[in-house]
Amino acid sequence: MPELFPLSPVHYVAAPLLAAFLLPLVAKLSRSFIKILPGLTFLYVLYVSAVLYPQALQAPIIEQIAGWAPPLGINLYYGPMAGLFASLFSALGFIVWLYSLTQMKQEPLDRFYILLMMLVAGATGMVLTGDIFNLFVFMEITAISAYSLTAFLREDDKAEAGFKYILIGSLASAFVLLGIAILYSYTGTLNLADLALNMDKVPLSVRVIVFGLFLVGFGIEAEIFPLNGWAPDAYSAAPAPVSALFAGITVKAALYALARVTILLFPFAGSMALISILGLVTLVISELAALHQKNLFRMLAYSSMGQVGLAIAALGLFTAEGVYAALFAMINHAIVKGMLFLTVFAMAGGSATLDGLNGMGRKKPILSLLFTLGAFAIIGLPPFSGFWSKLSVLTAMGQTGNYAMIAIVLATTIVEAAYFLRATGRLYLSEGNPAEGKTPLSAIAALAVLAAGILWIGFFPGSIDETLTAGAQDLLDTAKYTEGVLKD
Amino acid sequence: METLKTISGYFATIGVAFTVGFLFMGFRRILTARVQNRVGPPIYQNLLDIIKLWSKESAINHGLMQHMGPAFSITASVTTLMFIPVLRDGNWFQNFSFEGDLIFLLYIMVFGQLGMALGAGQTGNPNSAIGVSRGLSQIVGYEIPFVLALTALMVYHETTSLHEIMAAQDSIGGWNIFVNPLAFVAGIIAFLGMTHYTPFDVPFAPAELASGPPSEFGGKYLGMMMTSGSIFAFAKLTLFVNLFLGGASNLLELLVKALALYLIPVIIGIVTPRFRTEQAILFFWKWPTIIGILSILWVVWMR
Amino acid sequence: MDITGIPFFLAVSFGGAFLAYLMNFAHRFLRNAVVLLTVSASAALLFWLGDETFSMEMGGFVLTLGKTPYSLFFAGIVALLAVPTVLFSFTYMAKEERPAMYYLNLLITIAAMYGILFSLDLLSLFIFWEIMTWSSFLLTIHKGGNATKAGVKYFLYSAAGAYAILFSVVILYNMSGSLLIEDVARSFVLQNPLMQLMLAGTLLFGFSVKAGLMPMHGWAPDAYAESPAPFTALFSGALSKMGIFGMGMVLYQIFLQSPFSLPVRELLAWAGGITSALATLRAIQQTDAKRLLAYSSVAQLGYIVMGLALGTPLSMMAALFITLLHGVFKAMLFFAVGAVYFRTGLTDLNELRGLIRRMPVSFLTVLMAIISLANIPPLGGFVGKWLLYESLIQSDHYFLVIVAFFSSTASFLYVYRLIFSIFLGQEEKEFEHVKEVPFLTMQLPMLALAAVTFITGIFPGIVLAPISSALTYLGFPIQHDMWSMSMLFNEWGNRMNLLAMISVIGTVFLTGFTILYFYRMRRTRYVTTKDIHTSGEVPTENENLTYAINFYQPFERAAHPVLSKSIRAWIDWIGRSVSELGDFLRHIYTGDGQTYAWYVVLFLTFMLAAGSWIL
């Protein structure tokens, strides 16, 4: 097949975008296509992953768009790290589609799937691109579809949440664009690899300013405290499948962008320490804020922010182990938090409160079990995936001698356990009648895939070791990146 | 032959203990009567009571535990006696005293009270229950100074064996009452509590609780309990003689020393009113405990 | 797979759990058979367990499993209690909901305990530790209602402990580059003393939470009171002992050479002593049978910690002996209280009364157990306390003797209250139809454990033999002049002959009892408990003659200065404060878009200002 039709990283972005454009047309043919087409698209992209990712582990695939060689042309950099994220995003997209098949009933469905595919395409573009302006464009695609999805349910409070998201999101775009403009004015290039080599043309003070702009711009999307005000509202307003994608995709893409940009363009010790500290602050504040939260989606949102904070804290170490741990934490969070959002939605609907969970152990035993599994995994109990990711974060911190960081992370874990177990406990209150209503098979199947992921990583953490190690090396080895991109 | 001698020794010990016990109690009744300007019963009155009780028929019972109570009680008394050397040396009256030590005695001594409490519990009489509640509470009071005193002695002599403690007090000057008077004071105050004489008789408070735990016991049950009480009184006195007064080489010496010790709770009992339970507990936790602690410090300093 | 290997052993233990879960969908007899077979098989496999160690790599860490004499002793306790526990569960849980979950979690808990014991490295210990914690959490909340709160509390305390352990483990791993306990111990001595103190301190703190050492005992009363009774027996009897296992390991395999070892152990011994005294006082106050037993467990664990911390051969023997015995008699008590609950639906001491003739076997069980608990000869409890007191005196801890003796004497109060309120006193009409529990599944476990307390009281050598090899492994050479099959010796050479003791006690008791029984009781007739001496007034049918409420009012008055303060309340206050802080922080997220925009702008300004200041 590759001979007939050469696969390329471009397909990651092109396929969902194409499908998104085609969707209104095929909807005219038959309504059932609306549901099928996104699934086929994600399947195709997963197939691309299956073929390309093993190659990327050997050597990064660098794709030039329209035949212009960098630094003039735009290039895609499909290395182990980008490949990992792209594959993860496609997989999550597929699972969310599977879940939405039966759980998403709010019309207009065609627009929902269009936005969904644009979100995935945009986020994947962010991790693939080697051009900083292109990065900005993809970020905008992601953000705009995210705004629309937030307000998708067309209720007052959802619209308000969407508006807040737009307000803060446009600040992010503005700052990033400003940063890019400043860099361009000094270096005259937009290619990341080229920029990395030309950063010495930029005065130090300007570099600090630009770093600040990028930090704030990407930080808003990456939910760094105190830039994450939009997040609790958006998470609780958006339909749960979308919240799962926010937690799994948009945040991760922004985080990738932040990490890539920082390490390529601003590799000073101070910037890294700052990121680490911001991560810890985010972690502590978000977890504490979740403690008293009665609305489940908001609770999960705070928890998401906390988990991302944990990943950022590990990332900020910028050691091989730190990045490894951060990647592990991100993957774990994408799977587990995705599952939690979807489970809660299947169990208690869109406006679930803690009370809504009461007695679910009787009403929906399988979903309750899945929620329990998710809660245990996110807290980091062995033998589930969260344990290994948290352990790798802790050992990474231990290796740099930051024992205080370990203590903070562990202390917040107790807080995390408090609110997650309070919710878990409610499942097993003896209220309600046995087995009320059935959960559709597609939803269960989607959740089962995620649960299997949790257990698989939990029992065989070694199976993703190679992936993570390669990803971490890819991110940290800037020389290889610039040489690879600019070799022609 | 040797076995027969040993076994007859056990019975002799029990006989002596019982006789001395009821005579001492009769003596107390006379003394109390004289102080209250009465004549009082003959000194062997308790024996008459016990004989009377043993010959009575009971018609009713309240269940198995009521039977086990007095049996527990006599088990504790006799076992305590058997593990205490009655005399300093010689083959007579040593019984099982080489086989156990003070820690064992501490625990076997309370066994009877717990057994009694269980027996009293099954009768369903509220007076018994109240008495048990008070009695057990009071144990927690007086055991503290008692253990402090014992610890002081055990640490001083570096042994937990009664024999060795006795052997170390080979002259009058070596008696523990003189070597460690503080321990003696703490121990004897605890002893006041153990006798359940006034001021520490609130668990049995005759006028208030209808004699408390034994309310429902009559006939042979009460007979067995009184027998046990006589033996136990002797055992406790012997223990204190051994601990503080150097033990005794013959029965007469033992009687004199025991009587001297016995007079202390009796006389204090005659002249004092009754403590309430919490007063008694707090009393034991205060002065005797402080004295006991001082006695241990004294021992530590002396070593 | 080698059937004498630890992998096979753990595979059976964990595999049985999942098999039982699946079998639940087939038939409950099949499920019960699998459950019973699993625990008995793992108990039996303990005897054949081979010596070889087993390593595997997981997530970049090498996990090593293997047995030591020390862990084998604790595994024996787990096995000894696991079998009666599942047996007791069969009937007890038949009425309860979600049996499949119950057995799944129960077997996972048991298997995880074995896993903890057979871990030779700190990480696998931690993994099994956490598995045990979450499975026991799920068991604790099994009943729903208040149990949920109790369970969350239990988990949070446990998490605090577990993460203290993990903190140390991560740092130790970083220092020694290995997780094996022996490697860790080797590099531990090279650290500076303060670091050693911190690491050992956090480890000990972590393990002591599970042991319920004050001030971290707050979870125990609630969790024990709310969890299903058969599991509570295992919970208090075996699960909390994992804390003791860990503390022993830290104190004597890792921390022993440190200059801070002695002061820390002294401190621990006192913590144990104070725990036992305060928890005993609390137990006296309780009106719920299971809460009473819960506080009693905390107190008994205090003794064990005391013995463990002293670190003389005799005290270590005492600690391990009490560890076993406490497991046995506390399981008996929880079973018996569970049996009463099974028949009456009550655990409230103010409501229960007079069940002795309705449930004689349960009564006998409680009787044996409380004699053991109160350390009264001739049952096993006495041996443990004898060893403990001798070791306390001979290691010059005179004041600890007093503290220990105080709590031991005060324990008479609560054990009497327990047995009196449930079984003795007035017999009431409402309990007239209460029957004794079934023999095979409920009486048999109780009686079997009662037999253990009796045998260990006379022949403690049976238990002291494995204890000796465990202690030899920990570095305490136990000479043969310290014990024999039924003889105990202290360090001053004084002895305690248990056979002489049982002969005297047995003879006198049987004589006294025979006299009364055969010459009296058989000729008398049983009358109700209303037919008593009441100074001539005849009580009517409905007159309440029970004295059970506020049973120890005078004592509580005396102990008021201590009882009026509560450590748990302080810890709860800390928890509440954190929670309120969270609530306050939540207000950062005002829900107002303008505010959020201001945050962004201010943050950027701050960053730039900070950046320019640094430059």
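Note that the chains take the letters A, B and C in the order they are written out, and that residue 1 is the start of every chain.
What we mean here is this: contacts are C-beta pairs under 8 Å (C-beta built on N, C-alpha and C of every residue); 3 or more make two chains touch, one makes a residue touch a chain.
Everything numeric here is computed off the predicted structure, so don't read it as measured data.
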Chain contact graph: line, ring, star, complete or other? line
Central chain, going by Cα centroids? C
With chain centres defined as mean CA positions, report which chain is farthest from chain C. A
Chain centres from averaged Cα atoms put chain B and chain C apart, in whole Å, by 36
For chain A versus chain B, what separation do you get between their C-alpha means, in angstrom? 79
Using the average of all C-alpha atoms in each chain as its centre, how far is it in Å between chain A and chain C? 44
On chain B, where are the residues touching two or more other chains? none
Considering the complex alone, what residue numbers of chain C touch chain A? 57-60, 97-98, 123, 126-127, 130-131, 133-134, 137-138, 141-145, 148-149, 151-152, 155-156, 159-160, 163-164, 166-167, 170-171, 173-174, 578-579, 581-583, 585-586, 588-591, 593, 595-597, 599-604, 607-608, 611-612, 614-615
Taking the touch rule as given, give the residues of chain C at its contact with chain B in the complex, in rising order. 354, 356-357, 367, 371, 374-377, 382, 385-386, 389-390, 393, 396, 398-399, 401-402, 405-406, 409-410, 412-413, 416, 419-420, 424-427, 490, 492, 494-497, 500-501, 504-505, 508-509, 512-513, 515-517, 519-521, 523-535, 545-548, 551-555, 557-559
Given the complex, residues on chain A that touch chain C span 160, 163-164, 167-168, 171-172, 175, 204-205, 208-209, 211-213, 215-216, 220, 226-227, 229-230, 232-233, 270, 285, 288-293, 359, 361-362, 372, 376, 379, 381-383, 387-388, 391-392, 394-395, 397-399, 401, 403, 406-407, 410-411, 413-415, 417-418, 421-422, 425-426, 428-431, 460-462, 465
As the complex stands, chain B meets chain C at residues 57-65, 67-68, 70-72, 74-75, 78-79, 82-83, 96, 98-101, 103-104, 106-108, 110-111, 114, 117-118, 121-127, 129-130, 132-134, 136-137, 139-141, 143-144, 147-148, 151, 154-155, 158-161, 164, 210, 215-216, 219-221, 224, 276-278, 281-282, 285, 292-293, 296, 300
